[in-house]
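Below is one structure. I have some questions about it.
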């Protein structure tokens, strides 16, 4: 990626579809198809097999514990069968799926006393953001994934292959990807936004939100300053963004640093605009057409959350089956329709097109090449530099 | 031989028994503190556990074998023992490990343990980087405490002197809101105070926004995410801790004293100032401690109701400890917070103190 | 007495009543909000903007599985820690109020200390203790330990305040009349101190259920009700949170009301003045 992409080239701004279908409708439709799409013979075959292992061979493990971010998988509702349940029925594996992964740093602090002293944690698979996966790998707290038992891993989109956080690709398999851009409530801003600099418009004083996820907030500000966040390697290169953020904070421009709860501030009008994540805002704008999302003209950040196995995880065979299952485009499409983030699985777009043609054409969910060029992943920093970034950021967030 | 020991125990007099009882209580406490705080290596701590075991067995047998007098002497120490052990191990020992952590350094911030190295710079960092958070913590807690007195005193007074037969029900009503979770209440306030929420609407309808803006309570037409909201939240969440102790001290006042004063032509306000107020000071004192101390260490209100410029020291400790894995600096901040509060409490008790907190 | 003074005092009384009424409104404003929003049908993930009335949430109070599980965990922790702390605290309270002995005033001081330590210090210091050892992992056990630690003082002080001034010579009298020590305890001591113990246990239980800050530092991956709400506050606030909160509120109010009612009846039966 060259710097010319980052600087002020005029790309057409991306916006939400203006005729959103209600999310409920969407589920109902997807649900019926989803239930039908799950082949009955496969189900029967699975049920016919004995309770451990199911069909498809591979070994004795019959249970699996996956810990993921909340609201990150299609649930069983409105007549649809969620991915977790479909997996259990198809494989006979007893899956425990919890949603206690709320925050990368907080989760790290929870597992550190265990993994840091050579103990194991309960989940077999956790889904940190890729930079955190990189940290866990550097600390040697991860086991290699049983990739050779995951035939569908071949469906991994090329963009995500061998990232700097996992150069050999042996430790992580992406779950969902997304973009941080600018989300705004047009009834509060009174105008369309297009650039990162709009976040610093004095007219929005005290009504701007930023994310506590350092790489998305700083990454976007760096793009706004014409610096490519993919290529930085030292704090000095990024210090301008930290200064800009610090100033905006002391001036009272920024109202709050938030996690996913920005969606609620955005909808209620507490925020005029904020740094936000594509999938969240897509879900939100289905209910509230005033809420819009753009990838600013300077570009947006690309991040992904990725499946890893903590060191000493027990159920490797079941884990392989899970990864294989969610990398089947038919299954992955069900998730995409619900979570509306970017799927790292090839072939999902065609499957989604069968369920929801409009969604399949949305460049925020299925970025075209043009859009891809404008998305930048945050550089993989070494642990010391990362510490410097985190420290500076936490100083600004004031916590 | 055994008979001689039993005889010996039987003949122990009261003051010797007291000495032993107290001595052993302290010994057990110190042993557990030492184990918890890591003052002794593994093998020795096992030995200490054995000592504790022997002491406990010895005490019980002494109580069984000894006469009723000795039993009476030893009983209070025996009763205190389990609770004291818990407090020694899980209150005192942690304070020691906290202090030790605050003087330690981590080679990598991903290490689980910090190594002790007389690292005084942690305290430097605590003050230089987090000075404003300390200031805000004490400022907000102080204002909130003053507000709880202003709101709570009349309410307590009303319940105590005008409650009549509704007294207990009114008292119950003070407590009832606090049977919903602290977090939910605070989140509820964040909705009430939101830009489009009812509080702002009411203020705008009454056209109070100009005044509130002028005196700095509202900021740019908003309440939520301001210092006002944080102080407001603290005031709300700790109000019952002010009302209840004041009520208890007011309730004890013999109303005949007030009647007598009024019969003697003292004005109502004078009677209040000369009789009721002084007698309720212990309540206000206890209430102040129960409000100020938790408020100064709170981070929930600042998190849900504040903005990045209104964070308190609790937010910093929480962030450094549970997100940045920076245990040493977090420990230093926690220790400073405790030290300042202890000093403030001591000074405060000097002026208003009663020995009776409970 | 002059008429003006009467008028003034009446105005003063009215003003005080209005002020106190305002105080109660303040106390109940968020509660009304929480209860009302348990009947809301939120559009998005956050149940914080009023949309429309529905009973759906109440039909299915346990719909949020993780939340229900967390509540269950909180109840278990509260039950166990309350049990332990009530026993330890009662022993301390009996010891302190019934006997006068060397060192008791110093002990009083030790007992008050945890109450004058901010929760964040209690939580972080205990976490440093647990970090430095490998016997227990963060989780259920550490939470119970932490809760007992702050409950003990509350329990001991509450019971002590209740039983101060009791006439302990009754015990002596019972023993003089030939009752065994166990009998004396069961028939004389226990009935005397039981109301205090019950009140203290109730308080300890409530403290445990609602504790967030200390638990946050010592929970590891264990999710209690407040921790679940904290996690949810950043992702999605389901109406079930309000439903469960309202249910807990109603339940405790119910228990209190029944307690007060039966207490009043008992007192009436015994011809004692409340």
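A, B and C label the chains in the order they appear, each numbered from 1.
Criterion: a contact is a pair of C-beta atoms (placed from the backbone, for glycine too) under 8 Å apart; a residue touches a chain by one contact, two chains touch by 3 or more.
Not measured: the values here are computed from a predicted model.
Novice: Select, from B-C and A-B, the pair of chains that is joined by more C-beta pairs in contact.
Specialist: Greater number of contacting C-beta pairs: B-C.
Novice: Sort the other chains by how far their Cα centres are from that of chain B and give me the top one.
Specialist: Relative to chain B, the chain with the farthest C-alpha centre is A.
Novice: How far is the middle of chain A from the middle of chain B, if each middle is the mean of its Cα atoms, in Å?
Specialist: 41
Novice: Can you compute the centre-to-centre distance for chain B and chain C, using the mean CA position of each chain? Integer Å is fine.
Specialist: 15
Novice: Could you list the positions in chain C whose residues touch two or more of the other chains?
Specialist: 48-49, 131, 233, 237
Novice: Where in chain A do residues touch at least two different other chains?
Specialist: As it turns out, chain A has residues touching two or more other chains at 103, 113, 117, 268.
Novice: For chain B, write out the residues touching at least two other chains, lowest number first.
Specialist: Expected reply: 112, 194, 196, 318, 321-322.
Novice: Okay, in this complex, where on chain B does chain C touch?
Specialist: 18-19, 21-22, 25-26, 36, 38, 72-73, 75-77, 79-80, 82-84, 86-87, 90-91, 93-95, 97-98, 100-101, 112-113, 151-152, 154-155, 157-159, 162, 168, 172-174, 176-185, 187-192, 194, 196, 236, 239-240, 267-268, 289-290, 293-294, 296-300, 304, 314, 317-318, 321-322, 327, 330-331, 334-335, 337-338, 341-342, 345, 357-358
Novice: Give the list of chain C residues in touch with chain A in this complex.
Specialist: Touching chain A: residues 43-46, 48-49, 66, 130-131, 134, 137-138, 220-221, 223, 231-237 of chain C.
Novice: In the complex of these two chains, what residues of chain C are touching chain B?
Specialist: My answer: residues 5, 8-9, 12-13, 16-17, 19-20, 23-24, 26-31, 33-34, 37, 48-49, 87-89, 91-92, 94-96, 98-99, 101-104, 107, 110-122, 124-129, 131-132, 145-146, 148-149, 152-153, 156-158, 160-161, 206, 209-210, 212-213, 216-217, 225-226, 229-230, 233, 237, 241-242, 245-246, 248-249, 252-253, 256, 260.
Novice: Give every residue of chain B touching chain A within the complex, in rising order.
Specialist: Against chain A, chain B makes touches at 108-112, 129, 133, 194-196, 219-220, 222, 224-225, 307-311, 315-316, 318-325.
Novice: Quick one: in the complex, what on chain A touches chain B?
Specialist: My answer: residues 103, 105-106, 108-109, 112-113, 116-117, 135, 139, 205-206, 249-250, 252, 254-257, 268-270, 383, 387, 390-391, 394-399.
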